[in-house]
Structures are given as structure tokens and as C-alpha cells.
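This report refers to the structure that appears directly beneath it.
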């Protein structure tokens, strides 16, 4: 009986350890398959075509620059909206709001984070994009602007919750020190609390950007999906097409193993690398600040 | 190889221990633990008493240990040998910690836990163990009507005696108690000390007391530890009345520490 | 001088009042979307909900009838995701909390988990297509879609479960070991039961996200329209998020009532799980005694 117990323990411990490594396995597998299916495009599509500004796969134009520009413009727009609002909301929740307000706000922000993006996209095309069209007197409301605004909604909960965590870790004594020197609560927030939490807030911003650049369904529904180079200020009120939407819209219709198929995987590979950079940067910021905190404590 | 004297349950020979992080070290400790007696290990905090208890129970994580030397014999088996069956060892040497930590189970399950993980599922035998160990820990009369309540509902003093009972249920040879009364009021402390006097008839007891007074009250034999060294050891209570080493005298008379 | 000081103070207080007003406004703006979205769905979708809508099949190019296949499909996908991601995710969390030392390998694992959680959902779709649908030849199926969603859900389950496991006091483990229990016995009998509410909360939150996702199932298992319910794990399936996407972008002259009804059902499904997670969490908090 004892022997079987030992064998059980041995097997279970092995299984647990194996599961522990699974995250590494999956990240590697994902990268491997993206490379396997995406890299052939570099041999099939001449580089000057690949990095041209014309995306028209039916006639073998695989220029990904318009798609990148679409992703960039929408992400910048969403970040410009979501960061100040998210950080402001986090400051309000953690520093200013009375208890009852906090207890209403936090679950609502969490709820917003749990909302399926397809629902946001649905209400976006139904009532939001027509409103934009009328308000700005445009031929269509399906624009980069609509994408940015709705992506801001998606990124907001991430920014709020991470930034709020960062503010929570600022020791109370910092604030009390500032108050004791005669600073108002408002001055304390801007000159002491926020600067002390800046690395966490930076992480919040990075993760918010990550959320925005990777979002697919919403941008596919509300940005008009025109693969036009977005290089002017006016591009913000024109239809654009992002990298994610391109994959989602076209993958279903391509022949497996075709040039088009490989190029879509290539775009996916780029997205993967971008998210890798964003997340490693974000966590590097966190690790660095943790180390600093340990030094202060010891 | 030295075999321990008949009346000695544990014999520690040239034992040294150093942790990776440089905290609490023990240097060349030689000590005999008499059978069916209370051996008290006392001295200021950081002297290595708890480390010694943890070593006897092999509770130290091997990765935390930088260096370890010497021998600890239980009867004639070297506890520190890599071949030792740890589960079996911990069954023979029970440990009670400073803060009463009851497991998040019922009172009954707290006591039967050690038996059940060893594969004992016979209800009658488990019930016997519950009653026997609770009686030995002087807790049976107080709580026998509510054995299926969560153990956390007990008072601090009851929780600590439950922890003792939980150890007794395993019928160990040796019971080690690391400041078992540090968080208790004087009445509960008295109850625990009284039950220790009863228990020593059947078990070998190693106690780290939480004060010199408790050491003097409870000790059959006593060992004084200071900064990782065993300064003085005496059979009987002589160490408290007529210490032979200056450092011991300073400590028991309250001149430092 | 006194007046100047007074004026200065007055000025600072006004600055603070203005600032706080601005912050409240921002916070209000942040929660405005969720309030607007929920009320729109309830008011406009509520009238679409009927027994026929929930339990019927779509017909007339999906412009009439119910959404049963999509509901069932989302249910299947959620179950399928749970089957793969829960054991793996919880075991992985146990490893990180109970076994892993602070080593380079552990740091790499943590980095991998952070990266998994950041990969765009459509990239998961690509990966699922490449590995499960084509390479392993599972086809466009519930199996492929569930596996894809599982990997996406994994980081959520791992991090929340690990947090729950770490919250169990270390002393319980020491006591259990000192009573002669093995490491696994300690985990199974003491640590896991204590951490269970937190783990369940994490699982539900992870599955909730999987249930609402569209992009990862686009090319791995979602079907535009199916006349029959799927019968095996190798069949493709309709699903609520994809169905909502289809009927709000792909079908002309779609009755708005059905769109709102579908969105309301989807959101009830997802937010119902969210509510469940909140209940489990708060009940466990009330019960905790250490």
C-alpha cells in the first residue's frame, strides 16, 4: 500500500511539473506555427511589394504598409483617449472617491472589462457610427475615429485596474508626509502619489496599448476595412483597415498554403512580436520597480 | 560509532548547521535527550533552539541549508542520513509549534489527519485515537460534545492543546514543543504545563520554553543555548540554581537577554 | 500679507475642487458606456426574448426564428474549453505556487504566461487553424475551437489560481508535513480545498472571456449557419458571439429585434458567469476564518 502511494505521488508530481512548463510550450508552439506558415511569404513576395502601400491580394498586391498604418492610427487614437481617462478614473477611485462611489465604480469597470467585444462592435455599427457620420457630415461613419473610440472602451478597464493597483501600492506615509508639509490632496496626487506609482501606471498604459492593437472584431465591424494608407490627419475620419481585421476578414476565404495564406500568417507573426515586445516591456517595468521597492525595504 | 546510553532517546553529536542566508547557525552541539523526561532548551532568541528542533524533524528545506555536519541519533538510527524515511521519522517525532495552527478542518479531523494520511481509515480506531489523545491533552472534558465543529472555533488555549493532542494521536516516541505557550494566558499555560508532566511518563519531551521561569518550572534536564552554541547542559534543575558557566548565570539571573 | 496668504489658500482649494470635479467627470465617462450598453440591450432586446427565440432554430436566412443552435454551441465551446484548460491551468498554478523555486526557469514560465495573456485573439485563431485544424487534422470543429480557446484562457486560470493558492497560510503546509503527510497529500487535503473558491472564481472569469470571444473561433470551429445541432466534437458549431457578428454585418435587412435579442442572450450568459464568480468570491470571503 505504501509503495502504491509513493508511485501515485511520483506520477502526480511529474504531471504537475509538466503542466507547469505548459505555458512555455504553448508560447513556443504558437511562435513556431506562425513562423512556419508566415516566413515563406518572404520568399514568395518581393520585399518591395510586401512593404508597398497597396493591399489587393486578388491581383497579387501584398503591401502591408496600409494595414500597419491602420493599426497604428487606431491604436494611437484609442491610447490618447483611454490613458488620460483610465488614469484619471484610477486616481479618482483610489484617492478621491468616497467609499460608496468606489463600490459602484469598481464592479462597473470590471463589468465593462468582461463585455464581449462583439457586443460593443454591434452597438457601434448600430448607433455609434451613424452618429459620427451625421455629426461630422461624412460619407460614412465607419472610420478610424469610430475604431479608436470603441477600442478606448475596450482598453479602459485594463488601464484602470492596473493603474489602480499601482496607486494602491504607494505607501500611505508618502501621502501623509505631503499633507504634513501643507500640500492639498490635489497637489499630493500630482506631485507625490502619481510620480511614486509611475512605473505601474506605465505598465497600465503598455497593457492598454496591447489590448487595443490586438482587438479584432470591433475594428473589423466599425472601421470600414478600406486598406488605404493612413498617413494624414484626415485619415482619422476615413475608413481604414487594421492588421487584425485583415486576418479575420480574409483568412476564411484563402486557399491553405497559398501566398495570400502565408502573408496573413506573416501579419499574425508581426502581431505576435509586437505583443511580445509590449508585454515584456510592461513586465520589465514591473520587475524593476519591485526590485527598487525591495532595496528600500531592506 | 557511539551507541546512546540506555536512558537516552536522542543523542546529538558534533552537530553543526549553517543556512544559505546566513541566519541562525549551530556550532558543534553535543547533547543527550533523556527518555521519559522533559529536556528544556532555553536561551535568548536566535540561539538556534528552533533550528535544532527543525533539524530533528527534518523540516528544513535542503535548499536552504548551506552546510550540515555531525549526527543526530534517534535510538540508534542516524536521523540525518539521506536514507531515512521522513514520513516515518515525523511519525516518531511529533512537533508542536509556537503559534497554535489548527488545520482548516473539524476538531475530530484535525486529530485524525496524521493517521488518515498514513492510510488508517478504520473508524473505531480513529475514534479511539481521538478520545485517547484528547484525554492526554486534558481537553476531552471540555470539547467532547462538539468534535465535529470547526477547530478554529476553539479558544487559543484549547487550540494549542488540540495541536498537542493532534501530535499525540500519532503515538510518537518524542514530542517537541517550540514555545507552545507563548501566546497563551497563565491559566491555559498552567494546563499545558500540567499535561506535559503527565505526558512525560509515556513520551520523551523536548521543550523550548518561552521564559526562564517556565524552563525552571518544567525542566528535568536543561540546556542553555547562546548564539548557536550549547553553553551549558545539566541533568536536573541545577543549571537554574547553580550554573557553572558565567554566561548561563548572567542569563538565568536576568542580567542580559 | 495675510490676505495674500488667504487668497493663495482659497486659490489652492478652488484648484482642488475643480480638479476633483474633473476627475469625477472622467470616472463617470468611463462607466457611461457600460451603463448605456446594458440599458440599450435590456430595453431593446428584452422584447425579442421569448421561449421560441431561446428554443427555436433560425429560418428564413436567419431573419426569423430562434437562436438555439448558437446558444447550445456556445455552451459546448465553454464546456470544451473547461475540459482542457481547467486541469492544465490548475496544475500549472499548483506547480508555480507549491513546487517552483525562484529560478531562471520559473521566471521564463512567468514571462510565457504574461505573453500568452497578451497575444491578440486573432493570432490564437491563426495558431488554432495551423495546429489543430490543419496540422492535427481536427478540422473546423468544436474540438479545434475549444483547444484554441483553452490556450487563450490558460493564463487567466493560472494567475488567479496561483494567487488563491498563495493566499493559503504557509503554516498549514508546515503543520501538515510535520504530521507525516506527503507534499501531495498536503496539497490535496489542505491547500486545494482552502484555495478552491478563489480557483473557481478564476476559472469562471477565464471561461467567461472564452465564451464571449469571436476571433479565435472564426477559422477553427464557428459555422455561419447549420440546420442541425452538432452531434460530435468533430462537428463545427454555431456560437453566440459569431452569430451576433454575422447577423449584424453579413445579412442585409436583418430585423434589429433579433440582433438585440442575440446580444442580450450573449451578455446574459457572460455576465451571469461574472455574477456567479462574484458570489463565489464574496461567500468564500465571508466564511474565511484565518
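Note that the chains are named A, B and C in the order they appear, and that numbering of residues resets to 1 at the start of each chain.
Rule of thumb we're sticking to: a residue touches a chain if its C-beta (ideal position, glycine included) is under 8 Å from a C-beta of that chain, and two chains touch if they have at least 3 such contacts.
Everything quoted here is computed from the prediction, not taken from an experiment.
Centroid distances built from C-alpha atoms place B farthest away from chain A.
The innermost chain, defined by the distance from its C-alpha mean to the mean of all protein C-alpha atoms, is C. Annotation: 16 Å between the Cα-based centres of chain A and chain C. One inter-chain figure worth recording: chain A and chain B are separated by 55 Å, centre to centre, where each centre is the mean of the chain's CA atoms.
Each chain gets one centre point, the mean of its Cα atoms, and the points for chain B and chain C are 49 Å apart. Looking at chain A, residues 5 sit in touch with two or more other chains.
Residues of chain C found to touch two or more other chains are 182, 185.
Residue positions of chain B touching 2 or more other chains: none.
The touching residues of chain A, when paired with chain C in their complex, are 5, 8-9, 12-13, 15-17, 19-24, 26-27, 29-30, 33-34, 36-37, 84-86, 88-89, 91-93, 96-97, 101, 105, 107-112, 114-123, 125-127, 153, 156, 160, 184-187, 189, 207, 210, 213-217, 221, 244, 247-248, 251-252, 256, 264-265, 268, 271-272, 275-276, 278-280, 282-283.
In the complex of the two chains, the chain B residues touching chain C come out as 57, 59, 63, 87-88, 90-91, 94-95, 97, 99, 101, 103-104, 113-114, 117-118, 150, 152, 163, 166-167, 170.
Per the touch definition, chain C reaches chain A in the complex via residues 12-13, 15-16, 19-20, 22-24, 26-27, 29-31, 33-35, 37-38, 40-41, 87-88, 91-92, 94-96, 98-100, 108-109, 111-127, 129-131, 134-135, 151, 154-155, 158, 182-185, 205, 208-209, 211-215, 218-219, 241-242, 244-245, 248-249, 256, 259, 263, 266-267, 270-271, 274, 278.
Against chain B, in their complex, chain C makes its touches with residues 101, 169, 171-172, 174-182, 185, 189-190, 193-194, 289-290.
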